[in-house]
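For reference, chains read A, B, C, D and E in written order, and residue numbers begin at 1 within each chain.
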């Protein structure tokens, strides 16, 4: 293990934990569900894991697993409750849910350690575990974005009614994203509190919504890869910005604003459009090449041209 | 004026049995009676056309049949069984496909993806996974693309299509699911005459292959040429029903729907 | 009791004053501006910097705050939100981008103010206005409290009326629905949007100055703290409805006050947000929001 | 009068319009025909300032309006009825109409409003209802009526009969004819070539972004290839 | 004597500073120089810079120089933890001067303790921060010197009091819920009401009204710095005219914006520039000479932390982490005179006797009992 790894362990861990948290918001967003409940699940996971390790000396993996399970169940129940909500109304309801959990943590007395929170959650969870979990999650999500399942989610987001008419169980998909989001958020929270050995109400607050959302939008909202790009950037950016000293916050703001304004589909979108352009080059734009020839004939013999062009495509004509 | 009345030739195996039926279906919005007591039967291997003035409730009826619009009253039957409580998404799995009156393509998916969406419900687990590895396209999709002639635009995004082409993509999507019953809401709006004829040809060919269809259109000539039966509606109510030639000659239909021009044409 | 009602009304007016501009921009041209809190703070802060040098009367201060707020807001519109809206394919996509862009931009004035003040609260102790309190027997009320109540409700009424009655109000709502078609009706969407943002920013600045007078002082972070409350008030009332935001702000303040008066207060946010949650379950589009129409 | 000369429109992936020239004269209806994707809508959108013209010139009554913002073009007296209805769904029917008269004088707008209601009684019945709840054809009527509201001097209509029942097609196209008679320059894109030809004075046929036929309607009616392309083989047999 | 001379003496006693020391000794200094607690971070940085200059001048470490690597955590726990792990991983770092916010400190402690690098905190008053022998804290917890306010209240004849607590801050909650009620019992006043506010609360009208309604003799405002002027102003406007008691967060210029309205507010602090201890005054003079302004408690604590660390290094005569930690523990057991006056330790946690500070409408002045 080299020194780079050792001295940047925290950032490495944070990158993957942030990624999981960001994904817990990105997954519902991809299905058109504005749910920030993932942040609430983060709190559930963080506290469950900490309480179980501190009070009951449960192994770290089990403690995190318990949090994940609990948050998934809570996610499902929440999905049933908020079924009628949409858009930012749903956003507000789920933010309420997350804030509620924060207040519960602050007022939880001995169980949650009140405003101080809990400390001393020592476990055997390591950076490698976090990376392994994150990689598995990324692979699964990447698969879910491709092919039939990916299209299904796209349809649920863009036009639920159309999706229904195409045989997609929209309600089922919506519930599923709540469950997945809960599990992801709780996983992030659980790992974070065990790696830091502490959790407090301050660390599970509203600011997580902002961070996660920023990562997703700047990275690219429609894919796990966007969240990954965002997580890497926003975890490492602050340490890079130390060079600008006291104005680091200002520069940070400028960068976020610039990216949000001028990179419409996130950095991932930028990469993808670039890639598409490259692929298309030569294949499209028949206007200049192919059609230039016909324009000559058109000038000579408009009648023939007209007859040939009655339909949209030559071969489709009867 | 040539009318291709090749109904006799269309006798598909089980033609004539009722697939889909509505009994006294009504959809009311407050005081607006969009659909008000429609009885309708859709027979296998036949094309039923619905016509009626604007706002007569055709699209709403289609919505009611596909369970996207809640019924105020009445029953809807598929193969003789009431499906008024089945979740709407289940209908597609039972072989009902439809298009909408407005273009509804997913903006972020290229045309090919949009068409594949129609076929997705037919895929089994194995093909789903196979698609992840190598991007294979099911045969029903290639066939639908071929039949609607949208092969040139497969990698364009819907926003880059002209209106008429977008409508074709919608038909392709509906066909890609290899449905048992196809419902089309003004499929040729925005197309010119030759293009319409082409679509009409396609529909007839599909019918001859045994596809049951419900067609809503304002192009009366096309309706007469294509449909086996016509149902005329006005203000949510049933006005006339029967063979196309009879329906368009019905005075009530002429009065409410067809107007002077068609009368002139029919008189000739 | 009467005192509690007055306090709740005052708190509601504070929320309202803050939320009004935000609601206007969001409900009409679809800009959910999360830099609103920052504009609010920076306008108040600019007024602080000036009043440190010259002592100004309160109307001049309010005007100053409103002007700074309007200027910042217009700048924001031109540099950030306009490009986003121009590029985005549809409204829904622009919404999130605008939200995050706003969050990013909000950091800039905040960082500047934090840098200058070192996060120490600032106020207008040098101003030519002093708060006086009147004891009416059953309630105590201060001049600034009255000013806030009147301004908040008055401005809400004015804006609500403008949106309902005037043709530009209608045009604004049309821009929010489909700005391209709106321009095809002859609506100058750019100018109207700028105007709206200027008004929204002006309201933010005005609110900043008034609130600083009322609270005695505010810190650079104060703007952000109000943001969530304002957002909640708008959602609760229903986006796009001015009556909604008035009621939303008052209901939120009312709940908070009741909880504060009857309990030790540590559960206030839980109860407030819990109730918002429940209300949304009952009315998914807020109290006065209109259901979005979409038919087959 | 509206004069489009040598117009080019380019999108990222294709050049949709390549050197189109056409004009619409007050008192006359110019019909634009063309297959799907021929570039009709693109031409109209460019003329209305909604997309940038890559090259070429658009003139209205002799003044160059190329590249002008859409709302300025409206204020100069030219409106476009867009393809696919595009009514303001959450606004009421009447609000939609009032917006159409945004640039007009209030009393003039009131007068036209009454005329629109006369023409389409269903709109009057639904004046307080949300426009998005109307049926497809009703929305098309609304879109048409909305364009009338500004009392334009030149109007471009992109498939105004789409989704309309035959009776309605008649009355809308009749109204288009009436408009032309009243001295407005009309540019009409119409897929229903049969009916379009009946009210047109001039015809322009487009294919793949170019003008392939241009001439008076009578000439178009006797031109076999135009007929074949836009009315189908059947028209020739007749 | 003065801290510098005291420090010099200590170094000398340790035996010829510099023999076992490398040329440079690296210290990681994690400060919130930007963000919402930058007022504390920047002030602390001044204290550290001043101490460094004095240590250099003093020759405490002989030929060796202290190299302080200051990093801006912007009040983020993750950043702070990241710097701590960098310092821990890089063997050339001897010790850490820890961050000010408790959440950051809580994230740093397990790393420092786990990897055996000594850390000394400034502020970070929460429990759980000191997890073992490698973690030290130079800021005495407020409750340890809160007692001094008791006599004052007794003298003022306070019999009833209300408490307002920021429920999001552990230190404030602890003071409000445990320390003050205990104080009441010891000094014969009764808590008549206790209410909580959110961390981010901006308006206290309701709470102020209810406190004014209860009309106690004193009101304890356990709120964060920026909230203090607002709470005081609104309390006064609501008609409350009793004593207003705060805690050290009221200091550091936070009452400036409330001006005259806040006159008479009193709070116990671990340090005030006007306090009479000799070592404190030496520090204050040096600070004024350097920066032209009066030091705040943050500067004083950080100054003490820097000196503490330097003396431990001199004492250990080694840059080895374990040796330095041992020397720190020894030094803590002895205690010393520093900027905060006479500092003793309870375990690794600093203790001072504290001063009572009063806002006179324009400045914070130390307040001697019986002055009134």
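The rule we apply is simple: a contact is a pair of C-beta atoms (placed from the backbone, for glycine too) under 8 Å apart; a residue touches a chain by one contact, two chains touch by 3 or more.
In this text the structure is predicted, and so the values were computed from the model without any measurement.
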Task: Interchain contact steps from subunit C to subunit D (minimum; 1 if touching) - done: 1
Open item on the list: Touching both subunit A and subunit D, which chains are there?
Closed with: B, C
- [ ] Give the identifier of the chain nearest to the protein's overall CA centre, each chain being represented by its own CA mean.
- [x] A
Task: Averaged-CA centre spacing for the pair subunit D and subunit B, given as whole angstrom - done: 28
- [ ] Could you tell me the distance, in whole angstrom, between the mean C-alpha positions of subunit C and subunit E?
- [x] 37
Open item on the list: I'd like to verify one number: the distance from the centre of subunit B to the centre of subunit C, where each centre is the average of its C-alpha atoms, in whole angstrom.
Closed with: 50
Open item on the list: On a C-alpha centroid basis, what's the spacing between subunit A and subunit B, in Å?
Closed with: 39
- [ ] Would you please write down the residue numbers of subunit D that are in contact with two or more other chains?
- [x] 13-14, 35-38, 133, 228-230
Open item on the list: Show the residues in subunit B shared as contacts by 2 or more other chains, in ascending order.
Closed with: 59-60, 68, 100-101, 107, 162, 164-165, 168, 192, 194-195, 197
Task: subunit A: positions in contact with at least two other chains - done: 106-107, 161, 246, 249, 280, 310-312
TODO: Name, in rising order, each residue of subunit B that touches subunit A in their complex.
DONE: 66, 68, 87-93, 97-98, 100, 104, 106-109, 113, 116-118, 120-121, 123, 128, 131-132, 148-152, 155, 162, 164-165, 168, 173, 177, 192, 194-195, 197-198, 201
- [ ] Provide the residue numbers of subunit E that touch subunit C in the complex, in ascending order.
- [x] 34-39, 42, 165, 167, 194-198, 200-203, 205-207, 209-210, 212-213, 225-226, 229-230, 232-234, 237-239, 252-254, 256-261
Open item on the list: Give the list of subunit A residues in touch with subunit C in this complex.
Closed with: 29, 81-82, 84-86, 88-89, 92-93, 95-97, 99-100, 102-104, 106-107, 161, 206, 210, 213-214, 217-218, 221, 246-247, 249-250, 252-262, 264
Task: Contact footprint of subunit B on subunit A as seen in their complex - done: 143, 146-149, 151-152, 154-155, 158-159, 161-171, 222, 280, 310-313, 315-318
Task: Residue numbers on subunit D that touch subunit B, as the complex places them - done: 11-14, 33-38, 41, 83-85, 122, 133-138, 140-141, 159, 162-170, 191-195, 228-232, 234-235, 237-238
